[in-house]
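Following are the structures in question.
Consider the two complexes below, in which chain A is the common component and chain B and chain C are the respective partners.
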Partner chain A sequence: MIKKFLNNDKMSQARRVEIAFEVVRVIVAILLAYALALALLLIFSDDPAGTVRQFIIGPFTNLRRVGNIIEQAIPLMFTGLCMCFMYSVNEFNLAGEGAFIMGGCITSWIALSIPGGIIPSFLMIILLFLIAGMVGVAVASVPAVLKAKLNVNEIVSSLMMNKIMYYLSSFILFYYMRDTTIAMGGSWRLPNELKLPILIPRTNVHLGLILALIAVAVTVIVFYRTPFGGAIRIVGSNRFFAEYTGINVNKNLIAAQIVGGFLAGLGGCIEIFGMYTRYQWIIAAPTAGMDGILVAVLARRKPALIPVTALLLAYIRTGADVVNLSTEVPAEFIQVIQAIVILLVAAQMFLAKTRNKIIYKQAQDDLAKEEQPA
Partner chain B sequence: MDLDWLVEFLFTIIRLSTPLIFAALGAVISRKAGVLNLALEGMMLVAALTGVVFSAITQSWIVGLLTAVLGSMLMATIISYCFLVIKTDLYLTCIATNMASIGGTVFVMFLLTGSKATTAEALRSMSIPRIDLPLIKDIPYIGDVLSGHNLLTYVSFAMVFFAWFLIYKTRIGLRMRAVGEAPEAVESVGISVPKIKYISFLLSGVFAGFGGAFMSMSYVTWFSRDMVAGRGFIGMSIMNIANASPVGSLGASFIFGGADATAKYLQLQNLPTDLVFMVPYAVTIIALTVISIVRIRREDRIVHGKSLRRKKATEKAAE
Partner chain C sequence: MAIEMLRMQNITKVYPNGFVANTDVSFSVDQGEIHALIGENGAGKTTLMKILFGMEDCQTGKIFIQGEESRFSSPLDAIAKGVGMVHQHFMLVPSLTVAENAVMGIEPLKNGIFDFEEAVRMTQAIADKYNFTIDVRAKIKDISVGRKQIVEILKVLIRGGKVLIMDEPTAVLTPQETDELFEQLKMLKEDGHSIIFISHKLEEVMRLCDRVTVLRRGKVVGSGDVSELDEVKLSRMMVGRDVILKIDKPLSEPDNILVEVKNLTHRSREGVLQLDNVTFNLRAGEVLGIAGVEGNGQSELCDVIAGISSYEGGSVSINGQTTMGMTVNQIRETGLAMIPEDRMKTGCSVDLSVKDNIMANRIFSKEFRKGLFLNRKKINTLVDRYIEKFQIACNNRNQLVRYLSGGNIQKVVVARELTSGANVIIANQPTRGIDVNTTEMIRKLLIEMTRENDMGVILVSADLNEILEVSDRLMVMWKGQIVAIFPQADEVDEETLGEYMLGLKRMPVEELEALI
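Now for the complex of A and B:
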């Protein structure tokens, strides 16, 4: 298949080398960062060999941990898709984090306040998904509209939004749904009938996986097969061109970010009803929103690649968790590694010399070939 | 009695404004060279941690302060290298470094103290001394507001002047402004644009370093997880609101310091703390929105010669 791809005459030789190179570059970046992670573990661990082994093969040692990888990948897919949308129009709207937390918080609150049995649980869960999505839309639209209409920096406003959402969710938890019988901060137990069904026995892999994959498929179709997807991709690659071709830039900018917010909010709800028995995102607030950036950057804004990159990040995170449980190295070092991967992948000049050399050589070979028969 | 309360409140505003002034100056100086430093948050966090660690080791606040600034400058260098040499997207670089600083500081803190939340028990920094201003401290009320602050608070006021002088009265400042407004023109006379941008980022790092040191060596005397709490981004917003003027930033910092102080005061009342914690962030978003609306109105007025409302009124009258 690769050979066929490389011999495709419709594409110019240089373009082909560029695409192949892009893939190599991402892989090299991941490997470099991975090596760095191993180096960090070697330095800071009392039992380096054991720690490294835990980090690399730990996630595969039993079914529960393999399940962990998939479980962790589900929210990452949603927030990754969210960032894909934000990113596709070149906006760094980071409100996905706030949308994710709020999506989980509000739906837990609703599920706890409506007595069971009034609405059939199947209908109820779909209703909750929609509400979570709308909450996400509300959160993400603030920075989006402020940027489009008033040119307020979206990074600053979205991060402020996230802080506000974090405290708001904590307020809702402590004032409206706190279970006073338990010591830790958590809500009352969520209704059992609303819990998403488990797909693989003896793990926590839940229905969310299928929903996430559907979301990926829908996103791919929206991106490449609908006028809306075409419009946002044009707006993202060249705003001025989009304006001159008569695309309503502001409308598409906001629309793309709203869809992103919807996905993040939905992801938060699915995470809560798939993985938790109580709403308790206060002490260990999820970082899925921010991790979505890495997932989207690694996938190079291509939604079809999101499941792969989400699984990859989930694998590394599970490894870090295993290390965290069994040794004294805290899992936070993964955040540093993540940042390095983002920087290496985003670096235009990283390995650029090698790429140019290859393209140059290819061109010369082509010239030689053309001259020979004549 | 009433006045005592006011004096205390004003004192708190000045105290809480200090890190914001540093952050805002850091944002101003990089903005002048045409780069938005969104990594102030991360820089301040790293500075706060290095300040605590080194002042605890050497038992000297001077060393702590210096290393805090150096730590922040190191961050500035890393970011500059990324976006000037290996050409990453500046925004993405800043987001990534902020993420790395939050995780990285917790990582280092855990390795040193075994705690993931705070170094308060295991590692305490030396406190930067408070200063009583001679003469001023004897003036009733005013003396109580202005005197007795931390050294860094007075340094921050001095830095406002320093930043103004640097930007408007020195050669390097002129070059920075030129790079910010017309990089091609600067390049055409043989000055290296990346070099100027790097210098401005480095200076931005110096300011952020002072701000971070204030957080961990004076505001409190330990490091805790994510202790900068968005002040880097609030500093960015202050710069934006003050239109990148150093003196204007000083004034705007007091507004946000006031919001912070109000939150502190409301916390003492019987209000839900979570809602109170939101105040500074909500104020930031509202302030940014209001200032943008005002600016757009003003632009309209300049373009159309008079305000839109008056224009509409005259149109109606003409009908």
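Now for the complex of A and C:
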């Protein structure tokens, strides 16, 4: 198959080698990371091979664990798509995290505030999705507008925005919806009829999976099939060029970040109503927002690859959980291994020398071929 | 028998993107020789010199300096062996003096502190030795382009350089400055220095050089003594066929006014006056050339008309609509298209496909929409048609622009701008640094547009040959002002033009007003 691919006449030789190499590179990176993990485990574990096996195969050993992978991947897809939009215009707006938390928090509060039965639950959940999205828009647009109008560094302002959102959400939880009858810090029980339906019995895989996949499809269509997508790709790839061809740079910059914020906010709401019975993100808030960066970088900023990389990250996380529960290896160590895997996959220049050598050889062969008939 | 100074043998270089820049190239330079390295752009001249100067690696091949094999992994190695390079774009610090720039990296010290007087003495000594007239205490930002080039040469000489690589040194010079440079290069040659002269101006090669090596598509296709060759032979070697250096163009019949610029004034962000009371008209059916030494306001004029920069005084109107306060897009909709000066920075996006680049200026147009979505079928047909019409050499419409050669990238830009439906085209350096064939094609297209489609073209170019060949009318800009207008560009000779370009002469205001 690879051979056939390499002989495809429609692509340039160099491009073909680059793509084929990318696939090989990711696989080699993962294998290398696991080998490294095994070597480290030889020092720290009594049963290194067993631990690695748990890490790799563990997530697939029963339905519940497979379910865990998918459940974890759902919020990652939303925040990954959010970062795809941020990256598409080359802005490192990290407000997806704040948007995600606020999306979950505000919609929980509204769901608890409106007595059941006034609005049909089907309509209510759609309404909540929209509100969550708008909350996300509000959060993400602050750094976006500040950057466009006042040239405030979006990394700083979005990180500060996230901090504000952490504490604002805690404030809302503690002062407006806390269930005082339970010991843990959580809200009252969310209305049962608003809970997203479970898709696969005996797991927690919920309707959010389908919504996430729809979001991916819509993003791909927006990116490659609409004028707006074309404009943000031009703005993102070369701002000066966009300006010279008459594309409104600031407008598209802000618009792309707003759409990103909408997706992150929506993701927060879906996570709450899919996975939780109460709103309970306090200081130990979910990290889905920041993990979205990883997912988007691993996907090379291509929205179509987001489900793959979200599942990959969720799989690694689930593997870590399995090892944590079934062996004596400390959880922190598993985090280290995770990091090595991600680092090697994300490293763009990894094996670049070998790739260049192959391209050079290909070019030489081409030249030889070209010269023979002459 | 001449002593061989330098030899490059069987050099092959492949860039990481698969582009083969040099294939088995060999060439040598003798002591006291000016050796021309010529070829179309993308022929591999600059790459070969970058290898010699240690800026690029090569896969195979050897370099010998005075018979001794040398391997340069950085420009420092090359400089240590007496090889120096004068880059196309000057590498000087504008806020420092000539002397400070010349000794940069080898600063003389006194008690551990930079000794400015010694630097002045060292620089002056070298300047005197080779008869360069230059004020070594002047700041770089205050001296002319021609002087800056002298400083670059001084930098090489002060380090004991014996081989000078000059990468298209005359591209930015006026005819007079070019003459001066040639005198100085000849003097260096007589002193035993070797000079590698990169150019694609045949006339200069004939005037200055002893031997010539011609590169085409990364290979040596010919070499020999200049005395045994002529321009026609050389150009045949370069492009493999006879290039028509003259363009036959039908007579221009200027019609109604398309662009009216009145008393236009513009300052840079730093407050420097860049456009000073500029007034002119562009009519349908003519190519209006703007000549001038680079940096005299030509690019600013283009940017202001296109709405990239704002203006503080005067007015611009395109097809009867005044553009004050309009966005770039609104101005484009009045009927303007622009081929920008820097194709890599503002002319295209190298990380997008040929299709995306061609569609960039019409992506929001209703014509290419089907409901909410882009009409892919229509777009694909259109893009394929343009690829064929403008002979863009690419694998298909989805190929990223960064895999194309410079000339083909420019064809993408030209295809996009000339088909946008505009009737006013600003072409700022449309053929800079691209191969002869594409150059010829773009020039012909510009002329054709005005004759057949009744469009107007404003052409800015540093290439005098281009300005004189393509323009119908010709204006000269100097220090942000229009100092001359010639109603018949083909009746102007280069010497006269040079005098206006350097500000030695200017037409009286009344005469200019009559020619607007």
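The rule is simple: the second predicted complex is superposed on the first by the 317 of 374 C-alpha atoms of A that agree within 3 Å, B and C clash if a C-alpha of one lies under 4 Å from a C-alpha of the other, contacts with A are read in each partner's own complex, and residues count from 1 in each chain.
Quick note on the criterion: a contact is a pair of C-beta atoms (placed from the backbone, for glycine too) under 8 Å apart; a residue touches a chain by one contact, two chains touch by 3 or more.
Here the structure is a predicted model, which is why all the values come from computation and not from measurement.
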{"item": "Touched partner set for A:Leu94, first chain B, second chain C, both or neither", "value": "first"}
{"item": "Contacts of A:Ile221 with chain B and chain C, given as first, second, both or neither", "value": "second"}
{"item": "Which of chain B and chain C A:Ile118 touches, first, second, both or neither", "value": "neither"}
{"item": "Which of chain B and chain C A:Ile234 touches, first, second, both or neither", "value": "second"}
{"item": "Partner chain in contact with A:Ala183 - chain B first, chain C second, else both or neither", "value": "neither"}
{"item": "First (chain B), second (chain C), both or neither touched by A:Thr245", "value": "second"}
{"item": "Partner chain(s) touched by A:Ile342 [first = chain B, second = chain C, both, neither]", "value": "first"}
{"item": "Which superposed partner A:Tyr167 touches (first chain B, second chain C, both, neither)", "value": "first"}
{"item": "Chain C residues within the chain A interface of the complex", "value": "14, 16-20, 23, 59, 306, 308, 327-329, 331-332, 338, 340, 345-352, 356, 359-361, 363-364, 368-369, 372-374, 376, 395-396, 399-400, 403, 416"}
{"item": "Touch list for chain A against partner chain B, complex", "value": "44, 92, 94, 142, 146, 150-153, 155-157, 159-161, 163-164, 167-168, 170-171, 174-175, 290, 293, 297, 330, 332-336, 338-340, 342-343, 346-350"}
{"item": "In the complex, chain B residues that touch chain A", "value": "36, 38, 82, 85-89, 91-97, 99-100, 102-104, 106-107, 110-111, 116, 229-230, 233, 236-237, 240, 272, 274-275, 277-278, 281-282, 284-285, 288-289, 292-293, 296"}
{"item": "Touching residues on chain A, where the partner in the complex is chain C", "value": "10-15, 17, 221, 225-227, 230-231, 233-234, 237-238, 240-248, 352, 355-356, 359-360, 362-364, 367"}
